[in-house]
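Two complexes come next, and they have one chain in common, chain A, joined by chain B in the first and chain C in the second.
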Partner chain A sequence: MNQTAQILSIYAADTSGVCSALFELGGMTVIHDASGCNSTYTTHDEPRWYRGSSMMYISALTESDAVMGNDEKFISDLTEVANRLKPEFIAICASPMPAMTGVDMEAIAFDVSHRTGIPAFSVKTNGMHSYIPGAANAFEEIVRHFCEPAERRKGKVNIIGATPLDFSLKGSVESIKQWLRDNGFEVGCCLSMGCTLDDVRAMSSAEVSLVISSTGVKAAEYLKREYGVPYVKGVPIGKSFSRVLADGLRSAAAGQEASPLALRTGESIMAAVLGESIFSASMAAALALDKGISARVIETVGESDLSVLSPFDLSAPDEDVCERELAKHSLIIADPLFRPIAGKGRFVPLPHEAFSGRCFERDIPDLINRELTFLKETGL
Partner chain B sequence: MIKLAIYGKGGIGKSTVTANLSAALAMLGKRVIQIGCDPKADSTGNLLGGTPVMPVMNYLRERDDEPESIEEISKIGYGGVLCIETGGPTPGLGCAGRGIVSTFSLLEELKLFEKFKPDAVLYDVLGDVVCGGFAVPIREGYASKVLIVTSGEKMALYAANNINSAVNNFADRGYAKVRGIVLNRRNVENEEQKVRDFAEKTDLPIIADIPRSNDIIHYEDMGKTVIEGDSSLEVSKRFLALAQLLIDEDEQND
Partner chain C sequence: MLKPINGDRAPRPVKLTDAAFPAPFAGGLEYNPPARGVWNIVHTAMLIPESHQIYVCAQGCLRGVILTAAEMNAMERMSWVSLREQDMWSGEMEQRVVEGCAHIIDRLPSHPRCITVFLSCMHIFEGCDFRVIQQSLSELYPDIDFVDCYMIPTMRKAMSPEAMMYRQLYKPVKKLPTDNSLVGLTGTQFTFDKQSELFDILAAAGKRTWELPLCKSYEEYLSLGSAEFCISTQPTAYASVKELNKTLGIDVLYLPLCYDYDEIESCYDKLCERLGIVRFDTAPYRGAAEKALASLKETLGGRPISIDHTATPRPLGMALLLCEHGFNVKSIYSDVFIPEERAAFDKLKALGADIDIFPTLDAAMTFAAPEPDSSVLAIGQKAAYFNNTDRFVDIVYGGGLYGFGGIVSLCKLLEEAARVPKDTRRVISHKGWGCESCL
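Entry: the complex of A and B
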């Protein structure tokens, strides 16, 4: 059966992706949805919810408001709360109900911005896509609204696509920043873990952007198109691929094309790496270079950046297709929730918060620019 | 770019006016897209020689998957006009307004405008703005001007007034503005005066006066517009004049 999952979990939804992308930036994010509880989007999918505050709200849409098209209630609530809280910006996004009834979220944002004088924008969601387009649209909107022209700074690198959904609070993002410094780069805006709107404003001053998740591709493309900032996709996993990626950043900064993830070969494949495409392709590259293990990517979200996949890789968001493909591999690296369909191959759990939430958070390793020791238990 | 939404009471001749206007714009050298936004999916038939294009909603229903190219859900008609129909769900089921939202979202994903690069886009919309879905064509990014088609019949003028009020309700949202009235004559008593009174009351100009003509029916039976059938006819000249007016306005705006 297509688009069905009997055993597997599903990835966090686009609305969760928006909340995660905008969590630290000082704005007010409001999901137009029934209920008054935002637990689905934040407490379940957002580990930072327990460590700090963020203005994340639900509109508490009622059946009557939806049927009658009572946009004014939403607009006046947004206006009242924004006038009281004075957020840096207002971001609104749609759950399935307003998406179904065709609520014009852009017009509502326009109206609220007009009434409050606070920048407001709509992030395109419908509650039925994965976190990737949600976070990607949010990153693009925030860059589009706040990035300003600035003088280029030699060696400055943006990191784009950082959310706990892909990089839990286990030190990976800090390690990426340290790895950049160790390679002589200046760390620019890390969108958006540990950055401010001022950092976003100065993103155009970077020499190059490092895109560490599919969620960052749209914003990186915008920066390239509008400000001429090139970008390189990849996560510095393992020792050798980290060096290749650092060289890629230097090449891109010098105006040359750089695609470190395209260097993989598909010879004698034994392993499969499952998950979001940029992280998984980086892991596959690291396995080849550090361990001599040839691996293919099985992209399981269905909405990752498929351009980083090689012909021997596969996008298999459907459970039965994924299960069939996994039977071909003797080593599988994936979130623990994939284990029931992993067949007889050796299974190496690598938790992914966008898939299994905080269930296995404590087991998420920091793999940045270090030996792939998490494979030791398997004897590799 | 000319971006027009054509509204009016059901059966008043919106599709006839839209198709003839598309054909006239094409005859004047413009690259045109016509999008029928009515579940009946009968907007573009007279541009296509009577062989209809598969409506987008039919495609989605039958294939259970989205098209990967514009070509799968469009047909080139008279004068190179690209014809698309949203269609609708199975009658009595689903949500027609949502069908329009889905279709427009799909056309955006397929990068219709970037790929086809039209000079003019015409949206032929269901009689009344009954829900949010039917207001999508007048949202920002789609139509910038609305034409209301009416005759002198009481119910047609009633619907025209409703449409004008609905569009005015969205004034602070940056939606399309009503450009004017197209009088599509049915030869009712005091027709011109009734429509002029309405135009005066709503402060809207009558920008075209289409005479009742058997030629329209004659060529429609052949799956054609009068522009294609005989562009020298008086009724054809009226459509060509309206097309030229819109072209001139668009060029002035540029």
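Entry: the complex of A and C
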């Protein structure tokens, strides 16, 4: 049965995706919600929260305000705090209750911006979707509001789709930056881990964007559409696929089509890689090139970028379907919380913060541009 | 609301002598401090032995509860049904809940004795009929007790989810033949500190106690139905636990956790009256508390103390006890005080206590990050975090400490906290004080 799980975890929600995407940019992000969205995000989805100074809040919606449509309470609270704390921008998003009562979030953002003189915008969420559309919408909005026309810089690469939900604070994002430098690129804006709003403003000066998660696709498309910055999808996992991906960036920068993730043939599949599509497809490509292991991607979020999947891959966000599919594989690479449905195949745990939160955070490896040593314990 | 100091973003407190009661601060946007010891509905419902939890709500709401179970290493007791847009408008919510639960139950390795089914704000706003759900599920699975539970934080003006959870926590309990030797200690997640003279009084009357955290089986849990009467000490829980009187005809005696000697003695008078025994001589226990406080004062001297509202439902009462014994209570972190704190508030005011009151939820608290300061001795996780100290007493909801014996134990904890530093980040990141954790 869909949308039901007997034992599996669930991915971080769209509201967490918004907060995670905007965490480092100096704005104030507010979820229109009673309570719960904030503690869930700050406990399980945001490893930067402790001693962080990001302005992320909830509106503390009450039943009477929800029923009576008292939007003025939310507007005046946003205005009061914004005037007091002076954020660079104000982003608001909705949980299920405002979605259910039909609160006009865009109008509220417009009103708050008018009252405070601070740029404000609404990011589309309703608490019923995964982090991917939430973060994707947030990235797109921040680029739409702040990116400015700029002169193109040769060799400059944006990294788009970086959040701890997909790339925990275990060095992966820094390794991606280093890998770019090692390949002769200049690192532009890394949206959004280790970047500022000024970096966002200058994103149009990049020659190409590297999309490392499905959360980055919409912003990359916007940059392509508005400023002609092409993009390439992929995560530089392993040694060989990292080279392929670097070549893809060079090709894209030269104005050629590049689809590094399309190299898999689907012959003699033994392994399944579960998770977000761009990361998983990159892992599958790395397995093929570095280890000679043919792997299939089982996309388990349900809202990843499906265009990177091959015909032999599958999107299976439901527990039942996923369990049936896993029974077909002798090697499974997935977050440890998938283990109960993994059947008899050899299970290689690869924690994904967006799924298991901080449970296995300490075990998340940095796989960027290096040997796939995390497989060694399994004898592969 | 708080105002920034000198144009920066750091919060400024309100002096207790100037503070309004019970709400010193205006509400507004809310910050979430990273102190995770306070229990949520998952932790509390897990106390029912041999039970399973099913949450039916939106993904955003599910995430927090599912990962609470994951961190408790209890995923085998947790399942979910995720609601989407189409579920809001289909008019088939009851059917969706029943079908979702049935699907999950059919996949479970064996039937649990009890299933707590958690509905959400969406169900309440839609007018979902839980009686239909419960009836349908009970017909399908007559061997399982189904309990309607609620994760409805939007209902801020009504009963809090925590209080609601306490009300439902004992719902499967049925009236059994009365066991005159059994007294239920209800409405608390933790076992009571056995240092408390409460146990001596009960023992003097030939009573033994029932405590939910000590129940190992569902049968043991159900044995509450035979209790002669129950005791409740937590204000949040009492409003709910007293329902036991309506549903099972079991008296619930409210003996609130407090720190005022006279109030403690008045609680024991009430208890002795209910037990039908002569007034208990509390003088030795009171003397022990006095001695412990004097000894602690000698150790701590004028060291600043900070208390938060998660450490005890009565931070003002605790502060008054300490101030009256010469301690230097410097700050209290609380967004609101319970009505029962009025007397302590007035007394502290009359004493002219120089105490700063800080909120914990105000947006400006994002920037309350002073340099590490081990000189501050905190009571509670939020006070530890906001003071950036590694010297703190790690308790929530009073930590099971009660009465004069509880004061003695508190003094021991304070002395130990002053002496032995803690890894504050690690300790307060642990979700659900006292619960198992995979972290």
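Convention: the second predicted complex is superposed on the first by the 377 of 380 C-alpha atoms of A that agree within 3 Å, B and C clash if a C-alpha of one lies under 4 Å from a C-alpha of the other, contacts with A are read in each partner's own complex, and residues count from 1 in each chain.
Keep this in mind: a residue touches a chain if its C-beta (ideal position, glycine included) is under 8 Å from a C-beta of that chain, and two chains touch if they have at least 3 such contacts.
Quantities reported herein were computed from a predicted structural model and do not represent experimental measurements.
Student: With the two structures laid over each other on chain A, which partner does A:K376 touch: chain B (first), chain C (second), both, or neither?
Tutor: In the superposition, A:K376 touches no partner, neither chain B nor chain C.
Student: Quick one: classify A:Y57 as touching chain B (first), chain C (second), both or neither.
Tutor: second
Student: Would you sort A:A13 into first (chain B), second (chain C), both or neither based on which partner it touches?
Tutor: The second partner, chain C, only.
Student: Once the structures are superposed on A, label A:K154 by its partner contacts, choosing first (chain B), second (chain C), both or neither.
Tutor: Neither partner.
Student: Taking the superposition on A as described, I'd like to know which of chain B and chain C A:R225 touches: first, second, both or neither.
Tutor: After superposing on A, A:R225 lies clear of both chain B and chain C.
Student: Between chain B (first) and chain C (second), which does A:M100 come into contact with in this model arrangement: first, second, both, or neither?
Tutor: both
Student: Identify which of chain B and chain C touches the larger number of residues of chain A.
Tutor: Partner with more touched residues of chain A: C.
Student: Can A:S35 be said to touch chain B (first), chain C (second), both, or neither?
Tutor: A:S35: touches chain C, not chain B.
Student: For chain A, which residues lie in the overlap of the chain B contacts and the chain C contacts?
Tutor: 99-101
Student: Taking the complex as given, what residues does chain A use to touch chain B?
Tutor: Those residues of chain A that touch chain B are 69, 99-104, 106-107, 110-111, 114.
Student: Show me the residue ranges of chain C that touch chain A in the complex, using the header's touch definition.
Tutor: 1, 3-4, 9, 27-32, 34, 36, 57-64, 66-67, 70-71, 75-76, 78-85, 88, 99-100, 103-104, 107-108, 120-122, 125, 151, 153-158, 361, 363-364, 366-367, 369, 425, 429, 431, 438-439
Student: Sort out for me which residues of chain B touch chain A in the complex.
Tutor: Of all residues in chain B, those touching chain A are 95, 97-98, 100-101, 131-133, 135-136, 139-140, 170, 172-175.
Student: Which of the residues in chain A end up touching chain C in this complex?
Tutor: Residues of chain A touching chain C: 1, 3-7, 9-16, 30, 33-40, 42-45, 49-51, 53-64, 66, 77-78, 80-81, 84-86, 95-97, 99-101, 126-130, 337, 340, 356-360.
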